[in-house]
Each structure stands twice: as structure tokens, then as C-alpha cells.
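So that you can tell them apart, the chains are marked A, B and C in the order they are listed, and the count of residues begins at 1 in each.
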Amino acid sequence: MAGKVSIFLISPTYEKLLSAAVIAQGAVAEGMEVFIFLSFAQVAFRRGEVERFSKLGKDYEEYRDAAMKYLSQRNVSWHSMLRDAKREGKVRVVACSLVADMLGLKKEDFDPGLVDDVAGVATFLSEAASSDVILYI
Amino acid sequence: MAGKVSIFLISPTYEKLLSAAVIAQGAVAEGMEVFIFLSFAQVAFRRGEVERFSKLGKDYEEYRDAAMKYLSQRNVSWHSMLRDAKREGKVRVVACSLVADMLGLKKEDFDPGLVDDVAGVATFLSEAASSDVILYI
Amino acid sequence: MAGKVSIFLISPTYEKLLSAAVIAQGAVAEGMEVFIFLSFAQVAFRRGEVERFSKLGKDYEEYRDAAMKYLSQRNVSWHSMLRDAKREGKVRVVACSLVADMLGLKKEDFDPGLVDDVAGVATFLSEAASSDVILYI
């Protein structure tokens, strides 16, 4: 299956990072390209923050133990899955420049193995308009 | 209006189940097919849980009374609407196998009147890629 | 870039209103049409409520100070951005009639500078099916 998946990733919470990573990995396995635009979720992609980010959404706290046990048994995480997807296929990750400005973040503040660039919402719209699957996560 | 609506239903909260059911019913009424992929939302589709599931998202608690009054006056609920949609049109509901593994759930744990199958994210991507409307709820 | 962006705006929280407004403004700047369907988010569009609505999602409370400082320094808000987008391009905003019924709201209860009409979910599906980018926010 060819085509492209575009994700607008706003949620700065573990279960949504995991969901985006699983979808990205699945898309790459199907031969699809992936574009991820990081809105507030970019806080989890800061250098030094990636490995320790563990904030779960308020509506998902009761699933923490089940999720963490599952992931640790398989020795995976949202960021290892995303790195794998980037290695195995075409996955581009861009941080939203408006949110970066808001939070005082610059390109060098992000993990260079995960974030490729910083750009405005026009970049997301352009990628999305040529995508087969668009998700606001 | 022909076409297909695909929903990635992650949120395990009443207002999102209701929103998905209203959209499914509206789509069927318009002659559209519906595909729903249950991520964490699958917890509400367990046998014996469907009727009593009442957890509202933290950002929606102030609307509980208005919503419940509206629904009980009309004698409807998210699951009655979804059952109606399945009866009146083509609505397929699939539980995500990764989340089912995580939570220790198997196909027989789900309400057979609501959930048709358990499958991986590739199934969602394939359905979504051929859909006219894709929603991550 | 021609085309249309359709947004199903359910979240009654500031960060999602802001996200929708930024996307609407970006879309208009790119020459795209915008359609916004207000589910529970319609509470923020009531006359007299627009200017004072300040409820942030539970998962975003730690970003309140950074966001408010950024917006006040630039003298913008979700509603000023949305008004600008409506002035500069084709942006139609419709409140969901089911949620309006649930909350006891009528067309005259909404800010007439922001909300164009009240209609059912079939209107959203029809707009979405002819859109290039569809987002459930």
C-alpha cells in the first residue's frame, strides 16, 4: 500500500505518543510515508526529556500499569518505535514553530534523532492535503 | 451520499463514544459505510460493561447532567445508537489487537453484538486509506 | 493551494480552540476554505462567553502561563484569530444542533460574528466528504 499518513500531534501525553508511534510503525510496514507535526507534544521530544517523559493523559491513568508492563516486557517505548519507523521507512517529524516560540524552544533543543525540523502550520496543511490518512491526535 | 467513514476511537470516555455513535448513525442515514477501530475505547465494549460504562472525560464532567437528561428522555445511549446504526447500515467495529494484548482481552471478552473482530493497526490503515472521512476520536 | 479544511471541534477547552483558530488562519492564508462544526466546543461561542472563556484542558494546565504570555504580547486570542480568518477568507462555523438541544442553546445564543448557523451532523459529513483535510479536534 503506497500513500502517506499525516499526523497533527497535539497531545503531550504518553498514550498519544504511543498511539502515534504504533500508527507510524504500521504505516511504514505497509510501505506508506509518514509526516508528523508536533504541536504541544513537542515537549516530549526535547533532548534529555525523551527517555524520561512519562506523563499520561488524565483519562488514561488507570491503564498505566498494563501499558508499562506490556512495553517493558517487549523492551519498546514510543520513542524506540518511532526511531525504528524512521530507520525502516520515510518518516519526517517537524515541530510547530508557533508552539516552539510560545515555549521558548529552538531546533537545537529537540532530539536530533527524532525531530527533523521546525516549521509553521502551512507545512502541515501542505503535507496533509497530499495525504491519504490524516489524524489529529 | 456514498462513501465510507473510518473512525480511530481511542478515548475510553462517554462523550467520545456518544460522538462516534452519533456520527456513525448520521453516516448510515446518508448511505455511507462506517468502520470503527477501537483502541483504548475497547474497554467500554466488554461484555457486561457496555450498559454500565459511564466514565466521562475530565474536560466534560460539567456536561454530565445535561447529557444524561437528554439521552434518558429520548431513551437512547451510545450503544443503542451504535446497535441501530449496525442494524440499518454497514458498520464494522474492530478492536485493536495490540491494546487487547496489553489489557489481556480476547475476542470473546467483547459484546458480540457490537464488536465484529480483533485485528492490528494495518487493518485500520487499509480501511482509512479508502475512506472519504477519517476521524481520530 | 486550493481546497477545503473541515474541523469537527468537540473540545470545550482553550488550547483546542486556539489550535483550530491557528489552523483556520493558516488555511485561509493558503487560499483554502474552512468549515468548522462545533460539538461541545459551542459553549465557548455563546454571546458574552467568547471573551471570558478560559478553561484549559486538564492535560495542558502547565502550559497556561507560557500560552497566555505569548498571546497577550501579540494581542491575539483564539477568537480574534478566528474573526481575522473569517474576514480574510471563506470560513463557515456551524453549531451542532444535537448538542445545542442537549445544552438548551438556540442560534440567537451564539455570537453572530463567529457562528453562522446551527445544523445536524449530516452537514458535517457532507462538508467533510468534499474536503482535503479533515480534523477531529
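Some notes on this structure:
One rule holds for everything that comes next: contacts are C-beta pairs under 8 Å (C-beta built on N, C-alpha and C of every residue); 3 or more make two chains touch, one makes a residue touch a chain.
Just so we're clear, the structure is a prediction, and the values are computed from it rather than from any experiment.
Copies subunit A and subunit B of the same sequence differ by a rotation of 120 degrees once their CA atoms are superposed, given in steps of 5.
At the interface between subunit B and subunit C, under half of the residue numbers appear on both sides, which makes the contact a different-residue one. Averaged Cα coordinates give subunit B a centre that lies 24 Å from the centre of subunit C. In subunit C, the residues that reach two or more other chains under the touch definition are 58, 134, 136.
Contact residues of subunit A toward subunit C in the complex are 8, 10-13, 39-40, 55, 57-58, 98, 101-104, 120-122, 124-126, 128-129, 134, 136.
The touching residues of subunit A, when paired with subunit B in their complex, are 1, 3, 5, 15-16, 19, 22-23, 26-27, 29-30, 32, 58-60, 63, 66-67, 70, 132-137.
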